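Two complexes are shown next, each including chain A; its partner changes from chain B in the first to chain C in the second.
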Partner chain A sequence: MQINTPFFKQRAHDALHDENLQTALAKLKTGFPEKRAIAVERMPEFEALRNQGRDLKNHIMEHLDLYLEQFETKVIENGGHVHWARTAEDANQIILDICQQVDAKTVTKGKSMVTEEIGLNDFLEQNGVQPVETDLGEYILQLRQDHPSHIIAPAIHLNLEDVSEAFHAHHNRPKSSDPAVLMQEAREVLREKFVAADVGITGANFCVAETGSTIIVTNEGNGDLTQTLPKTHIVVTSIEKVVPTLEDMTLFLRLLARSATGQEFSVYNTLSTGPRREGDQDGPENFHVVLVDNGRSEMIGTEFQEMLRCIRCSACMNHCPVYGAVGGHSYGWVYPGPMGSVLTPQMIGIEQGGMLPNASTFCGKCESVCPVKIPLPKLMRHWREDEFQKHLQPKAARYGLASWAFLVKRPALYRCFTRLSNWLMRSWAGKKGRLSKLPLASGWTDWRDMPAPQSQTFMQAWKQQQKTGDRS
Partner chain B sequence: MSHTSSGPRVGLFVTCLADMFRPSVAFATVQLLEQAGCRVEVPERQTCCGQPAFNSGDRQTTADIARQTLDAFDGYEYVVAPSGSCIGMLHQYSDLFDVSDPYFQRAKSLAARAHEITSFLFDVLGSSALEAQLKQLRFEQKVTYHDSCAGLRELGIKQQPRQLLSHIQGVELEEMDEAETCCGFGGTFCVKYPEVSNRMVSNKSHNISNTDAQTLLGGDLGCLLNMAGKLKREGKPIEARHVVEVLAGMTDTPAIGEADYYRAKQL
Partner chain C sequence: MSTDSINAQQPTMHSNKRSQTSRRDIFNNIRRGLKADSVDTQRQQRVTNRLSAKADNLIPARSQLPVAEQVALFKTMAIEAAAELIELDNIEQLPQACCDWLTQHQCKQLISASTPVLRDLDWEPLTQQQINRTERVAQAGDIASLTTSFAGIAETGTLMLHSNAHSPTTLNFLPDNHLVVLHRSAIVGSYEEAWKKLRQQCFGDNPDQQLPRTVNMITGPSRSADIEQTLQMGAHGPKALIIFLIND
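Now for the complex of A and B:
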C-alpha cells in the first residue's frame, strides 16, 4: 500500500472538512465506546482479566519461539503446512506459490489486516490471481479501490450513498439505497464467488499452540464460507498471535469482543484445525498457515515489545480524540489510531512514519481502555526519542526546544526571561486581558485567543511579599 | 492560620504556567496549604517540570531539569503543585535515571512526596482539614468541571475537587458531556497540529456551552488557557478559572483571559 503518512497534516485538514466523514466519525465516537462501557460495567472482573491478558501476553513474548514451534509441530501433525515469512515480500511470494500450485484463478478472502499490511491483493492481481474480499466492508472498499480506515470496521468512513453507488457501478442491477436490498445484493453476488473460488484466504485472531488451531472471529459468517468451500485454505497471520492453550484463547476472546464492539461474544468464532479429515462433512483439502514476521521479531527485547501484546480490538482508536477528529485515512498507511502510531514507524521506518507518534496529546485514554494495557503514549514517546536522536524533527522545533532548555536550566536567567515576556505580553494585550495575535504562536492564535498574564510573574510578586511581609 | 505553624513543611512547585500567566493560582494554592496548617516555601531554583523536553523526546534535557528540580525540592515533607500534569511529570522522573544513579532513589522519594493540590488536600490531609473554611465561602455560580487528562488518568483525580467544591455555599455543579475527553492542548501538540487541536477544543467549547454553567473550572492551567482562549474567541460569555481560586475564595480577580476591569478603570 502506498505510504501517505508524511502527509498526515494535509490529510487531516481534508478530513476535518469532509462532512460525510465527520458524520460517520460522530457516530463512531458514541457507538463503540458506549457499548464497550456497558459491557465492561456488566463484568466486574474485567479489570482482573485485563491484568491476566497483559501478563499472559508478556509470558508468550518471552517464549515466543517455543510456542511458535509447538504450534508448527501441531499444524503439521494435523496434516497442514506452516510457512515462515520474514518480510512482506516473502509472505506474498509464498501465498502466490500456493495459489499457482493449485492453479487458482480466484481466491476469496476473509477480513485480514495482515494481508493489508503486506499488500497481498495488489500482488496477487499483478500475478494473475483475482482476490475477492468477502467481508462486506472490505468488499465495498475493494469495489471502490479504497482501503480500510479502521481495523474492525473498515468502511466506517463511507455512507449509504457511497455503497449504493459502488454496487450500482459494479453489479449491473437497479440502483437501491435500501440497506436490506443492498445486503441481499451483496450476498447473492458473493455467493457465486464463494463457490467459484479455488483458494480461501483468512487471517487469524489467535493461533493455538497446543492444538495447532487458528481462530477467526467475525460477525458476518463470511469467514466460514471463505475457509470451508475452496479446496485450499491459507491462513495469513503474524507471529505474535500465538497463544499456548485453548483456555488462554478464551481469555482473549472475552477481552476482544467486549473491547471491540461491546459484545459479550462475537457472533462467529470459527476454529480451523488442519485440513478435512476422513469422515468430515466439509473443510479444505489443503491447509496452510503463513506466519508473517515483517519487523515484529525486531521489536522483541526493545521498549516496543509491549506492542506485540496487541490483539487488534480497535478500542484505542475508538476512544482516541485525534482519530475521532480526523479518521483512519489521515494516518496514511494500514494501521490508524494510537496502535498505528506505534506500529507504523516500526514497519515503514520512523523517517516516514514520524508524523504519527507526534500526533497525540498523550491524553492516555487509549491506554486506559486497552484490554492488554499497552502503554501507548509511552511507546509513542519512545518514537519521539528515536526521532530526536536522529535529528529528524523540524529545525524550528529543535532550535525552539534547545533555546527553551537553555533558559530552563538556568533559573536566574529564566526569571529575567519570564519577567520580560510577561511584561511584553501584558503590554500588547493592554486592557483587554488577552491577545488575538502573538508572534511565533500563530498555531495558537489562529484559532483561539491567548489569555494575557494577569500581573507580574508569581516569582516576582512572591519575592516582594516575602520582603515586605505583606500577605494580603 | 499563619505560615509559622508547626504543620508539615511543603515546597510549592509553582509550575511555569502559573508563574507566567496566573500568579493568583499559586497564591491561592499557598493560602489553601496554609489554611490546612502547612508551612509553605517556594524554592528559588525551580523552573519548569521538563515536560516539553520529555514529550519532545529529549531525555537528556529532561534528566537535567529533573536533577535541578530534585535539588530544589530536597528535604520538603511534601511537594505540591496546582497541576496534575506537572505532578504527573515529577512522578516519572525515576524513569530517567539508571537505578545505580543516586538521583534514581531521590526521584522515587520525590514521587512519593509530590501531590496535586486538590488531591493533597483531600487524600493526604483528609477532607475535614479545610471543611470549616470552605463552608464559610460563598460562590453563587453554576459551574462545570473539566477533568484534565494527566490528573484524571495518571493521578486518579476526579472526585477530590468536586468534593471540596461541594462545601462552598452557592456552587452548583453541572457536568458537561465528555468531561473526561482531552481538550486538545497537549503542550506543543496545539501548535504542532493546530487544526486537529482546534477541532478538539471546539468540541470542548461546544460541550461546555451546552450546560448552563457560567464558569468553567479545572485543575490545570494549560487546559484552562486553551479552553478560555477558545471560549473568548467564540465570543462565549463563560468564564474560566482554576479550581483553587474558588476554593481559596480568590474570585475577585478577573477570570482567565478576561479584561482587568479594575486596571481598566484606573487607566
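Now for the complex of A and C:
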C-alpha cells in the first residue's frame, strides 16, 4: 500500500471538511464507546481481566521464542506447515508459492490486517492470482479499489450511497439503497466465490502453542466459509499472536469482543487445527501458517516491546479525539489511530511515519481503554524523542524547542521573559481578556480565541503565597 | 525439536530457503532482544510449566453459578444474542419439533449431520410433510441444516461444536438456517469448563492426541454492521440459529 503518512496535515485538513466522513465519524464516536461502556459495566471483573491480560502478554513476550517453537512443533505434528517471513516481501513470495503449487486461480480472503500490511492483494494480482475479499466491509472496499480506514470496521468512512453505487456498478442488478437488500446481494454474489476458490486465506487473532491451533474471531461467518471450503487454507498472521494455552486464549477472548464492538462475545470464534482428518467430509486438505515478522522481533528488548501486547481490538481509535476528527485515511498507511501512531513508524520508518506520533493530544484516553494497558502516549513520546534526536522534525518545531530549552536552562532569564510576555499578552487582550490573533499561534487563533494569562506568573504567585503563608 | 527435523517436514518449494533464513533471523532478533539463549533452562522450565498446568485465569463470578442458574443464564444470553430457543422434554420430540419449525418457515429440506443420536430417531413426521432429510455436507443454496452441539456455555449463551466424520463444518455455515441440538446436561458455566471437557473427550489420558480440525464457538446468527454502521442480521453465515434445548 502506498505510504501517505508524510501528508498527514493536508489529509487531516481535507478530512475535516469532508461532510460524509464527519457524519460517519460522529456515529462511530457514540456507537462503539457506548457499547463498550455497557459491556464493561456488565463484567465487574473487567479491570482485573485487563491486568491479567497485560501480565500474560508480558510473560509471552519474555518467552516468545520458546512459545513460537512449541506452536511450530504442534502445527507440524497436526499435519500442517509453518513458514517464517521476516519481511513483507518474504511473506508475499511464500504465499504466492503455495498458491502456485496448487494452481490457484482465485483466492478467497477473510479479514486480515496483516495481509493489508504486507500488500498481499496487489502482489497476488500482479502474479495472476485473483484475491476476493469476503468480509462485507473489505468486499465493498475492494470493489471501490479503496483501503480500510479502521482495523475492525474497514468501510466506516463510506455511506449507504457509496455502497449502493459500488454494488450497482459491479453486480449487474437493480440499484438498491436498502442495507438489508445490499447485504443479501453480497451474500449471493460471494456464495459463488466461496465455492469456486482454490485457496482460502484468513488471519488469526491468536495462535495456541499448546495445540498448534489458530483462531479467528468474526461476526459474519465469511472467515469460516473461507477456511472450510477450499482445498488449501493459509493462515497469515504475525509472531506476537502466540498464546500458551486454550485457557490463556480465553482470557483475551473475554477482553477482545467487549473492547472492540462492545459485544459480550463475537458470533463466531473458530479454532483451526491442521488439515481435515481421516473420515472428515469437508475442511481443507492443506493447512499452512505464515508467521510474519515485519519489524516486530526488533521491538523485543526495546521501549516498544509493550506495543507487542496489542490484540487489535480498536478501542484506542474508537475513543481517540484525533481519530474521531480526521478518520483513518488521514493517517496515510495501514494502521490508524493511537496504535497505528506507534506501529507505523516501526514498520515504515520514523523518517516517513514521524507525523503520526505527533498527531496526538496526549489526552490518555487510549491507554485508559486498552484491554492490555499499553502506555500508548508514552510510546508516542518515545517516537517524538527519536525524531528529535534524528533531526527529523520541521525547522519551526526544532528552533522553537531549542529556544525554549535555551530559556528554561536559565531560570532568571526565563522568569524575566514570562513576566514580559505575560504583560504583553494582557495589554494586547485589553478588557476582553481574550486574544483573537497572536504571532506564531495562528493554528490556535484561526479557530478560537486565546485566553489572556492571569495577572501573575506561576512563580510570582508562588512567591507571594510563601510570604503570606497561604498554602491552601 | 531441532531445526533439521522441522525442515525435513516442510514441503519443498522455492520459498523454503526464504522461510529458513527468516526463521533464523527472527529467533536471533528475539533472543538478542531478550538477552537470552536457547538453552536457558529457567526460561524453558517456566514455559513447560505453563503449558502443562493449563491453569485457569480469572473466571467471572457470572460463570460459576449453581447448575439451575447456569441453565437460566444460558437461555437469557442465547436469546440476547438473537438465537431462537425451543425447549423439548426429550430427544424423541426432536423430529416433530424440526418438522414444525421447517413447516412454519416453508422449508422443504433438511440437511443433517449423520451423528448416531440424530440418525436413530424416527423421522416419520418429516416424511409426512414431504420434507426431504439428507445426510451430507452442505452446499450453496441449502435452506436448513441440523447438527448437535458439544457444549453450551452459559457465560455468553455460546454453543461449542466440533468437526468429525459425522458432523461436517459446512453444515454450521452454508445453510440459511442452522438448527442445533443442545442437551441440558451439556451446559457449563465458563469456556474453561468446555475446554476441559473437550480435552477429556479428544485426548483422554493421551496428551499427544489432537483437537478436531475445527472447533466452533457460535453465539447467535451471523451479522454485520459494515454498511453505514447499521447492524443487519444474516451476513454470510446462517440467518437464523435455532437451539433445541433437550431438558432430559
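For this structure, a couple of remarks:
Please note the rule applied: the second predicted complex is superposed on the first by the 453 of 472 C-alpha atoms of A that agree within 3 Å, B and C clash if a C-alpha of one lies under 4 Å from a C-alpha of the other, contacts with A are read in each partner's own complex, and residues count from 1 in each chain.
Keep in mind that, in the parts below, contacts are C-beta pairs under 8 Å (C-beta built on N, C-alpha and C of every residue); 3 or more make two chains touch, one makes a residue touch a chain.
Since this is a predicted model, take the numbers as computed values, not measurements.
Of the two partner chains placed by the overlay, only chain B lies in contact with A:360; chain C stays clear of it.
Of the two partner chains, chain B is the only one touched by A:414; chain C is not. Within the superposed three-chain model, A:424 lies out of touch with both chain B and chain C [touch as defined at top]. With both complexes placed on chain A, chain A has more residues touched by C than by the other of chain B and chain C. The residues of chain C lying in touch with chain A in their complex are 1, 6, 9-11, 13-15, 18-23, 25-27, 29-36, 38, 43-44, 46-47, 50-51, 54-58, 60-62, 77, 80-81, 136-137, 139-141, 155-158, 163-165, 168-170, 172-174, 191-192, 195, 199, 208, 210-230, 232, 234-238. Chain A meets chain B in the complex at residues 9, 12-13, 16, 321-322, 325-326, 358-365, 367-368, 381, 383-389, 393, 397, 401, 404-405, 407-409, 411, 414, 418, 421-422, 431-434, 436, 441-444, 446-459, 461-462.
For chain A in complex with chain C, the touching residues are 24, 27-28, 31, 43-45, 48-49, 52, 56, 59, 62-70, 72-73, 76-78, 81-87, 90, 93-94, 97-98, 101, 134-137, 140, 153-156, 158-160, 163, 179-180, 182-184, 187, 190-192, 194-195, 209-213, 219-222, 224-225, 228-229, 239, 244-248, 250-251, 253-254, 261, 264-277, 279-283, 291, 293, 297-302, 305. The residues of chain B lying in touch with chain A in their complex are 14, 16, 18-24, 26-27, 42, 44-48, 50, 52-59, 61, 64-65, 68, 149-150, 153-154, 180-182, 184-201, 203, 225-226, 228-230, 232-233, 253-254, 256-260, 263-264, 267.
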